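See the structures that follow.
Both of the next two complexes hold chain A, though its partner changes from chain B to chain C.
Up next, the complex of A and B:
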């Protein structure tokens, strides 16, 4: 009954239209504004600055040392956190997959860092790393150890952010990998055991390849999230010392909200957006993300 | 001044200020204001950096969510230039406000010709707080400062207490000008930045590269002013150069372990002279406020002679802006602290600044300029870059920044 099917399609379209319209307005509107302002030198304290200036902001970005520094910081931050979270997450998932006593309680306990509000996590770690206040003093003071100033030493500051971030988000990768482990078929492992494979060989040749899709999914999630690292940096180091812990989104934030240079900040964000989309496309296109049973 | 009435009884105004001595003292008196006028005050006290961010957002968004707020000295050029504060001249005339009692220096920053955009409540000067139990005389020159800090510095008591991010922004200029350097060639007309010159590099090397790096309190680069005050109160630093409004926190007898052991002196002088920084913060009404008359009632009460005098006497606010309060015998008695005549030091700083060296701070682009300088100093103090590299790089960025803002600087 084609005419009835066509009628149904029309009705569905009309009913969906308002929701779609709102969705597009809410997402596309700001994106469009972002794009438009990136082509202006908009400064909120100077109303006459909403004028077209072409690719000036983008050219300025190329010459901006502070921008390139922020890219470097972002790269190091993302690489360290994603790698650590995958490795640790895998280890934890393998552990939690075993028949342990109090397994359920353990699993719930391990999830706590992930469900805490990020700002709370940031405050906790800030206190932990502030020599004047930290509970670590209970250990170091009697032993006469002088703690370095974790958050203001250039060599250590980024490390503290990485540590806090890994503590907060490893439960996420653990969850994904644990779920994948539990869905894994027993037969290949059984067969390998019967053939005399060692646990390490079982892990390397059976478990790991079967886990590849889950690993890539978890890795991709964490990579994209690592671009949004904000609460930790805002609370713990403010981008300092100097600009040692200032990734690109934080730099963009300071330009937009400390200095009201909206135009310049928008250009930075557009660049970040394109890089994120390109990265996602690259990773999603990699072989192995599909569940191929080899 | 016109008497207060209950014309606006039942209104609630929102007040936003950053945390320092005067608002802290003022907050305790607000119930009296409400009784006098029937106006309720929603008083928000924020840390300095958070206050700045929120204020920028509020002012640029023009939401009208705030009815009265602090007009920050270093932002006054930028905010008044953007047209964000309301012109208060009609309110002043209409209520016969005794504007002439206010010190001309602090008022000048909020005035543009005949129009006044803020009423100053703080004429902040920079002084040096020092532990008289750790040194017999305070250092007078930059060299003496470094020597004294080095001599005293130990794991339990740091030689020097840097004032965190606020300090990099606010105290560095004392040393910049003390070494003969400056921010701009001749503000406000000639804005060529001079931060790559030898004097500026020398100042950065001395201040960040040597004093802060070696003799500062560990971790203090991240401190907000409240943490700095707490550190001083715990007796963990020997000297501190900062605003009078923050230093007086160390005198709080209830919280400070060293209230009896501190004294005040003028900041040290360098080869080019002594340049204590001064700033004036005021109260302003955002253009977008919908309760301007009620907000003005609050402002004229808060900055009135009686209120200012009471806050100065009951709390630790010494940086007053009214000549009548500065000359008040009880005020003078309270702030004469063993060996240090604080009102005299304060007045000396304000007078010195009359020479005009503070004009760099009210240039509209100054906030963006100082952000880059703070980063350079922070990099120097943490050993990431040499003073020469950091300042030269900052100067280059500032040049481009000023050009983008439309100034001819090359």
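Up next, the complex of A and C:
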């Protein structure tokens, strides 16, 4: 029996080693390298720029108005999309949790925006908000309404990104909340019904509190993912007009790949990474959602 | 007849929920339907004002894709997504089995690392990979894309498959062991057949994650290794605003995704939340 256990342990190590080696090589290695470049003024047009410059990039970030603008854009984008996705996702989950004919087909239909390639979603909404091509003209042209130029109007551009992102990712919050609704115990609801609680009271005092962990998890996931919104912005507005729709992730992209300021961009990304890691740790700490620790 | 009235009113309430749900669904999917319609319109019809809802469909946008050399990027997408899927499964499935059956010494740390890499903004990997590939001449190569896709697909396979292996009682394997089967035989004859659906779901999710990628392909390829999503966006930027080809190309890239996503719908959440939620 002990030889079997030792044999098993050895096999387990042999099975695990290649994957762990590759995983570390493609994730930990690059992230360490990113940390290194963030302490250099690395600029691809200047060959001698790969040298240690301490916290210069990080100090520069604090003075950079465009960086602070990007943080503000990110904040508005994240707040609006996460809130809307939670509210709409909850409504949709409640709707799809009802006994309906064709329920499976309907649920699948609602998932389409989430599984589409993100670049296709971006093209879909680029068309939607291009006055020459949008189906809105079916209504606006006969009524004589002139559409604003959605994507180039500073007051509207971020709103178009928000709408597209909400459309794309509400299915995600819906799925998580739907799963939570299906796991929900029947007894509290039945007790409330027996006591004569109205549907609204049942929702407010029973369903909503029971859904809280799922709402937290879905919200945190969407919050972290909202830091990475890229294809929508790249295709729809390119960060413009000006820098009106340029969140930090996009600013970092332009600094590294439209310009050549790799070092400065790295510092920005390291800051983003630290924020996402902290939020990820929050997710793992959520009660009832962590995997059993065996 | 009070009971009758109650029955009728509750039935009529149920009757309203279905049209409401279908109505919302049609509204949600209308932008996709519009894309589909545009891909079958001539340029004149696409720009008609007010827009035409009824029109004579044409395939000219799809045949135009052939002239626009869309086949090469499409083939690149297929090759890259297939190879990265095979590699992720080959490395990840044994590792997931080991994590499930071995002691939990590493599981907690690996769970956090998998979650952290899934959460990290892709640009955090794009910059170091870009610098490394520039040095070793891997920019604009399919190998370069295949390797960077392992950053998310390997984690995905390990996490999904571990949950599947956890679902197989160890007692089944012990029975085979007592009957004299070697560990290799046990895995082949007992474990793998039971986890075949999990392997299929993992394969589909890996393929889709690579197929859907735009960002890494944008940063790491230029022309010869360009994938279909980048090629479509290039119709937008360099070839003027060629909406016919953009929409037709979009439909071609989106179709396999919808076809594949339906069978794995119930794994979508575990796939997207790898590392955090129970699979």
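The criterion applied here is as follows: the second predicted complex is superposed on the first by the 262 of 294 C-alpha atoms of A that agree within 3 Å, B and C clash if a C-alpha of one lies under 4 Å from a C-alpha of the other, contacts with A are read in each partner's own complex, and residues count from 1 in each chain.
Quick note on the criterion: a residue touches a chain if its C-beta (ideal position, glycine included) is under 8 Å from a C-beta of that chain, and two chains touch if they have at least 3 such contacts.
If you're wondering where the values come from, they're calculated on a predicted model, not measured in any experiment.
A.B. asks: One more residue to check, A:240. First (chain B), second (chain C), both or neither?
C.D. replies: After superposition on chain A, A:240 lies in contact with chain B alone.
A.B. asks: One more residue to check, A:13. First (chain B), second (chain C), both or neither?
C.D. replies: Second partner only, chain C.
A.B. asks: Output check: A:189 vs chain B and chain C. Expected answer is one of first, second, both, neither. What do you get?
C.D. replies: neither
A.B. asks: Looking at A:260, would you say it contacts chain B, chain C, both, or neither? Reply first, second, both or neither.
C.D. replies: first
A.B. asks: On chain A, which partner's contacts cover more residues, chain B's or chain C's?
C.D. replies: The partner that reaches more residues of chain A in the superposed model: C.
A.B. asks: Taking the superposition on A as described, I'd like to know which of chain B and chain C A:66 touches: first, second, both or neither.
C.D. replies: first
A.B. asks: According to the stated criteria, A:149 is in contact with first (chain B), second (chain C), both, or neither; which is it?
C.D. replies: After superposition on chain A, A:149 lies in contact with chain B alone.
A.B. asks: Just checking: does A:120 make contact with chain B only, chain C only, both, or neither of them? Give me first, second, both or neither.
C.D. replies: So A:120 only meets chain C here.
A.B. asks: Under the stated touch criterion, which partner chain does A:132 make contact with: chain B (first), chain C (second), both, or neither?
C.D. replies: both
A.B. asks: Which partner does A:94 contact after superposing on A: first (chain B), second (chain C), both, neither?
C.D. replies: neither
A.B. asks: Shared contact residues on chain A for chain B and chain C?
C.D. replies: Touching chain B and chain C on chain A: residues 132, 257.
A.B. asks: Hey, which residues of chain A end up touching chain B in the complex?
C.D. replies: 41, 43-47, 60, 63-66, 130-132, 146-154, 237-238, 240-244, 254, 257-261
A.B. asks: Which of the residues in chain A end up touching chain C in this complex?
C.D. replies: Going by the criterion above, the answer is residues 4, 7-9, 11-13, 15-16, 18-20, 22-23, 26-31, 33-34, 37, 92, 95-96, 98-102, 106-120, 123-128, 132-133, 135, 137-138, 141-142, 167, 172, 175-176, 179, 217, 221, 224-225, 227-228, 230-231, 234-235, 249, 252-253, 256-257, 262, 265-266, 269, 272-273, 276-277, 279-281, 283-284, 289-294.
A.B. asks: In their shared complex, at which residues does chain B touch chain A?
C.D. replies: Going through chain B, the ones touching chain A are 49, 52-53, 56-57, 60, 78-79, 81-82, 84, 155, 165, 218-222, 227, 231, 364, 367-368, 371, 375-376, 378-379, 381-385, 390, 393, 397, 400, 404-405.
A.B. asks: Using the touch definition from the top, list the residues of chain C that touch chain A in their complex.
C.D. replies: 14, 17-18, 20-22, 24-25, 28-32, 34-35, 38, 46-47, 49-51, 53, 91-92, 94-95, 97-99, 101-102, 104, 106-108, 110-113, 115-117, 119-132, 147-148, 150-151, 154-155, 158, 177, 183, 208, 211-212, 214-215, 218-219, 229, 232-233, 236, 243, 246-247, 250, 253-254, 257-258, 261-262, 265, 268-269, 272-273, 276-278
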